[in-house]
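Each in structure tokens, the structures are laid out below.
Shared between the two complexes below is chain A, which pairs with chain B and chain C, respectively.
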Partner chain A sequence: MLTLQPLLVGPAVFAQLLVLGVLLGSIYAFVSLGLTIIFGVMEVVNVAHGAFTVVGMYVVWLVAARLELSPFLGIPLAAVLLFGIGVLMQRTTLAPLGEEAQGNKFLVTVAFLIIIIALVEMTFTATPRQLSTGFGSWGFADVYVPEGELYALLVAAATSAVVWTFLHRTHTGRAIRGTADNRQNAAYVGIDVRRIDYLTFGLGAALAGLAGALITFVQPFDPYLGNAYLTVAFVVVVLGGLGSIRGAVLGGLLVGMIRVFGAFYLPGSYYNVLILLVFIAVLLVKPTGLFGGPTRA
Partner chain B sequence: MPDRSRSLARLQRRAGRLAETLGDWRGRWYATPVLGVGLLVGLVVLPLSLDVPVFGTRLGALVSPNILVVALLWATAAQSWNIVSGFSGQFSFGHAAFFGLGAYVPLVLSREFAVNPWLGMLAGSLLAAVYALCIGGLSFRYDVGGSYFALVTLAFAELLLYLFINVDQLGGASGFVKPFPDAYGAEYGLLAFQFRETVPYYYVALGLLLVVSLVALAIKRSRIGLYLFAIRDDEAAASAVGVPTIRYKLFALVVSAFFTAWAGTLWSMYFVSIRPRVVFGLLVNLDILLPAVVGGLGTIFGPIVGSLLLTVASEVARESVGIPELQDVVYGVVLLLVVLRTPGGVVTWPSRVAEALAIPQRESESEEPRGPPPAATEGPPTQGVDERRAESDGGRGDPAAGDPSEHDG
Partner chain C sequence: MSDGDSKQTEGAQPVSDSDASARPDGRRSRRAFLAAGATASLVTFAGCTGGGGTETPAGDGTESPTETPTVTSTSTDYPDEVVIGSVHPFTGSTSYVGDRLHKAIRLAATIKNEDGGIQSMDGAEVKVLKGDHKNDPAIGGEVTGELIDRGADILTGTYSSPVTNAATRVAESEGVPFVIDISVAASLLQERELEYVYRAQPNSWSQSTHHVEGLTAVADQAGLDIETVGLFYVDTTYGQAIRDGLERATEGTNMEIVETASIGFGETADSQVTRFRQTDPDAIFPTVFTNQMLELVKAMQDQNYWPDVFAACASGGMYTENFQKMGDVINGALSSGYQIDLTQAKARRINERYMKTFDTPAMKGNIGMAYTTAEVLIEAFEQAGSADPEVLRRTLDDITVDEHIMAMPPISFTDRGENANPLSVMNQIQDMEAQVVYPEQYATVEVQPELIGRN
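Right, the complex of A and B next:
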């Protein structure tokens, strides 16, 4: 039968859960960032996002386990490689489909998901891998912080800050946000929307690769882990509002909290059921997401 | 040189005539029944002709009875998916929910209460229909459409996945083994839905596929079908002229869920054991929708042709190279090529080939502009609207429809 934890726990346990929730939530938010940026600009639900994270994971694994270099070197490498893959994919398959074929674009990303996962499995086999990082954990007054998660949080926060600055403080970034607001008007004021699309898809893919690289710091991985994170990313971006960066961050933290507290209070993996129930409720009551609105990206 | 160009022109003229004949023939009232019966006869004799030599080897070396059962199984699921997503354009990414209910309910009922699987199949499909009623009722009422509808359906499917993983009474994450027929007081045979050999499963699958295809055809040719395609083409316009769009979308989703569960039951009676991940997982959603998309969205022949093509092509690729993952690569590449090159699906290939050859000749004649190739549709030939369906969709929520070049402007 269900064995439930007592509802009231000591402040130390509560603080511990809160910390773990923030750490996990930041990873969820970061995984969702690229997905939401791509949707904001191009209105494409990119199913290949999960496959991009998997590629990022194995880039780090190659660098750390095969070349025996620092896993941190794999992070920029994953970003650069996936930027290339993203631009190439946009250029060769998505752009030729034209402006309005959203359903077809969805299917193209599905095809890429299938192909990339199969290729990764062919190259690296389906055996679960784990980095031997030797990360420990730090304790602050009864609350312990795992080292790998902390590095992931720091890199994710730093990258998000860079992306935010890029989108808000540079000319190209403003052009991307303008395109997200209104593609047609963006084209009228002289923005090269096709170029913005390449850039956005590359950026989204690079962020997915970065997120995948960070996931290797936190847990063992196999070629199918991307599918699990894809589902999480869907939930997060819809909770936060498709296309909203702020929404992705807050949605990621919310899902991270539900998961950590749900895993503590509920037996088994019922927290997944809880997350999906919250997701469905939000989607039905406010399809534009908790933080989504007329302003995007 | 002039000789060659003249013979080329003659060839093009001939191809043009062929395209016209093909188009005219496809528009006749008896075209669909003749093609359908032809396909049915072909599928009936297929397992009997596995010893026939092809390309210097046996046909059975290319396709095993096992692969054929799997192909028909996904064809049945895709045909059902097509009713809601192909006809009404509501792109579902969560049909694994219905498939999984259809797979689980008969097994659980026969294991716990010794209920015959055929009754279990009925119970499973009714439960799937009720679940669809909940999903559709909520999402259509709140006007959730397009990408959001795909994500809602996915969420409902994942919800069942995690529910079944966590409920130990239903087998939990590791699932359970299919009960033997004597567990529900039956002998191996049609009544027990279990056979000792593969070929009987094939004919059961064919029977289920036939029923679902006929239902889909009946819906498509009825007034309901007309409304559904109107919703797909322009929901606001359909609503404005008085089509109760919510009711018809809901109808399509419920019928679709009911028959998707049949494919699920076939799955669970054919394979030995069941686990939540293999019937409710993310990739099951893809297995269900891909044959319809590859074959031809909104057509009756599409899901069947698409499933045969995908399953057999990927199996041949796997067998000939010996790398299991290659199957998925072939799957993905076929999908990519179809979406990029022939968004109408495989069923439009014959007329497209003839059309492509015939284009220069038509330009030289240029009497009257011909309509698009009618082979993409199976609607009643008397309705001109029907002929234009395949080409006239906007992209909204409607994958693989229309020619992308039309939307470029």
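Right, the complex of A and C next:
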């Protein structure tokens, strides 16, 4: 017997769902950020993004469970490690393929996804992990805000603001955006596009690692959790507009809201169908996504 | 190239095609991104990240990686060895369970070999071959066929009802007996006419029935009246089978299911817990894997919600290592399922050896069930005095195995191949350990009623 919830609920329940939707949506948005930046600048569909988030998860787990240090210390560590991995991957495998081999680049990222997940599974096994953070929740008038999710939101929001400032207020950031607009023209005006690619891929990977680190505050994880987030991230990026940071944020929040409210109101897993229906509807009305257009990143 | 590899190659094709539609300015189109995204989703869910059914040379009953077992005849016409095919997930998200299930089967073979092998076959050695189904039904069917080709006389598996469906179909068509160790969906045997397939574990119907019976008995002892129930299940064949079983089992009782919520892989349980808060049933029956159990308990704590009765049915994750992660809130909770009978000296001995041999936590119900299933297979060889599949099938039809380690009556099979005497016991978490509290004959401790509704 599958049950539907009544449409009208009390204000406390509605507020609870709203809070949960914002918290989950912010995670979705943050996971999508690196993916959309890399695509926006480099035109690379980085499937290894999901694996990068998984590495971030296990970095935090190592720091918190093995070294018995604060999990917060794992967050910058994950970002730095993944930045290095991203730059290395771009330099050694993607850049040598040149500008015209996007299909091959996609395959390389698929290979990295498989290799990284296999390595993580061999190293840590597929046993589900959960951080013993001792986080609780704050309650106001029967509306609860889980601490872990709140910290994740704050870190995600702060990092997103830093990234936005970097892209809009620094010389390098403007060079990245210029490259996103037109790679050839960027090269003509003296921007070192190869260096920008290294930096962009490293930045995208670092953001994925950061997102993975934050996911450990939110839910249990295993080497395959990144796959679920990767799928959501693809939906968010297309929904928000390819290469658009604003689109990733809004798309993430939208998908988070649909998932939270859908899981509350609808029986079974029909909320996943709802997400895809909204996805299709948005693309029918605005094929470039919510914020997609000629200017990206 | 393994099947998983083939999937990767196939999955990449649309992207190559879409490259042809790249824009003149070198930009890739939306269509290309969507195709890549869809392909990536397929790849990531194909479970293709692992190796291809590699073997672990153990010297204790497990066949070496590349050797095909030779089933040769001796002067007395008995083969030197008999071969069990173990079809389980060794890569993918459930590989941590598959590996432990396989180890239990290896241990049963090792112990039999230490005792001199199959006595009725002049001491034939018991070998175990493993096949990695990667949680993929297509691969499950394929590796089952491969194991038969490599000499498996009898098979067991698979820890996934859809995979078991495919694997048993192959075994049936090849005429090789397959005794299911872990796969709960009643439909596997109840809705199919199979001659070579048996199931040692209780199916979803009997587990649900025992859950309701056991809970009613324990609630009576505790003076609790459970009138409303919420179901929380993982949205897979396993979860749906138990959900259907519980709906069936509660019919005609005073329990009414007032809420049903599901969860998928990699998802959070926050909205579902809000649903439970809204409906506030007397009891919640979770049927999930370890990940979702941890997530459920976390989400319930986050929203400061706990029902009067938390009673997991046939659920993963309800064991000691996880109780520490869940916290003290889980103490007193109930959990039903088939369970190793630690009141027996034999069960305690096997459990100790399992932990020592493989440096692993204690046997859970499903690990004990895999061990017991292997004992059934070995007993079938013993009673049959043959590795001939047809003789083994006839033997299984009439077999009775009463000296096993599970909290369950003797194992024999019905005409449909189901365990004729299935039993799921009710556990209570006491001092952060799962202890059998019902039925009395298998109980290791008495139920502590004050703990059940204390939250």
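Assorted remarks:
Here is the rule we use: the second predicted complex is superposed on the first by the 288 of 297 C-alpha atoms of A that agree within 3 Å, B and C clash if a C-alpha of one lies under 4 Å from a C-alpha of the other, contacts with A are read in each partner's own complex, and residues count from 1 in each chain.
We adopt the following convention: contacts are C-beta pairs under 8 Å (C-beta built on N, C-alpha and C of every residue); 3 or more make two chains touch, one makes a residue touch a chain.
These numbers come from a predicted model, not from an experiment.
With both complexes brought onto chain A, simultaneous placement of chain B and chain C is prevented by a clash. Chain A has more of its residues touched by C than by the other of chain B and chain C. In the superposition on chain A, contact is made by A:Gly103 with both chain B and chain C.
Contacts of A:Leu230 after superposition on the shared chain: both chain B and chain C are touched. By the touch criterion stated above, A:Gly268 is placed in contact with chain B and with chain C alike. Look at A:Leu20: by the touch rule set out above, it reaches chain C but stays clear of chain B.
By the touch criterion stated above, A:Thr127 is placed in contact with chain C alone, chain B being left untouched. In the superposed pair of complexes, A:Gly139 makes contact with chain C only, with no contact to chain B. In the superposed model, A:Leu284 lies in contact with chain B only, and not with chain C. In the superposition on chain A, A:Thr93 makes contact with chain B only, while chain C stays out of contact range. In the superposition on chain A, A:Ile114 contacts both chain B and chain C. Within the three-chain overlay, chain C meets chain B in a clash at only one of the listed stretches 75-83, 165-173 or 201-209, and that stretch is 165-173.
Residues 39, 43, 45, 99-100, 102-103, 106-107, 110, 113-114, 117-118, 121, 227, 230-231, 234-235, 238, 242, 267-269, 272, 287 of chain A are contacted both by chain B in one complex and by chain C in the other.
On the chain A side of its complex with chain B, the touching residues are 39, 43, 45, 93, 96-104, 106-108, 110-115, 117-119, 121-122, 227, 230-231, 234-235, 238, 242, 267-270, 272-273, 276-277, 279-280, 283-285, 287.
By the touch rule above, chain B contacts chain A in their complex via residues 91, 138-139, 142-144, 146-148, 150-152, 154-156, 158-159, 162-163, 165-166, 282-283, 286, 290, 293, 323, 325-329, 331-333, 335-336, 339-340, 343, 394-402, 404-405, 407-408. Those residues of chain A lying in contact with chain C across their complex are 1-3, 5, 9, 13, 16-17, 20, 24, 39, 43, 45, 47, 50, 99-100, 102-103, 106-107, 110, 113-114, 117-118, 121, 125-128, 130, 132, 136-137, 139, 144, 146, 148-149, 182-184, 218-225, 227-231, 234-235, 237-238, 242, 259-264, 267-269, 272, 287-288, 292.
Every residue of chain C that touches chain A in the complex is listed here, in rising order: 8, 11-12, 15-16, 18-19, 22, 25-28, 30, 32-34, 36-37, 40-41, 43-45, 48-51, 91-96, 235, 247, 257-262, 264-268, 270-272, 274-275, 277-278, 289-291, 294-295, 298, 301-304, 317, 324-325.
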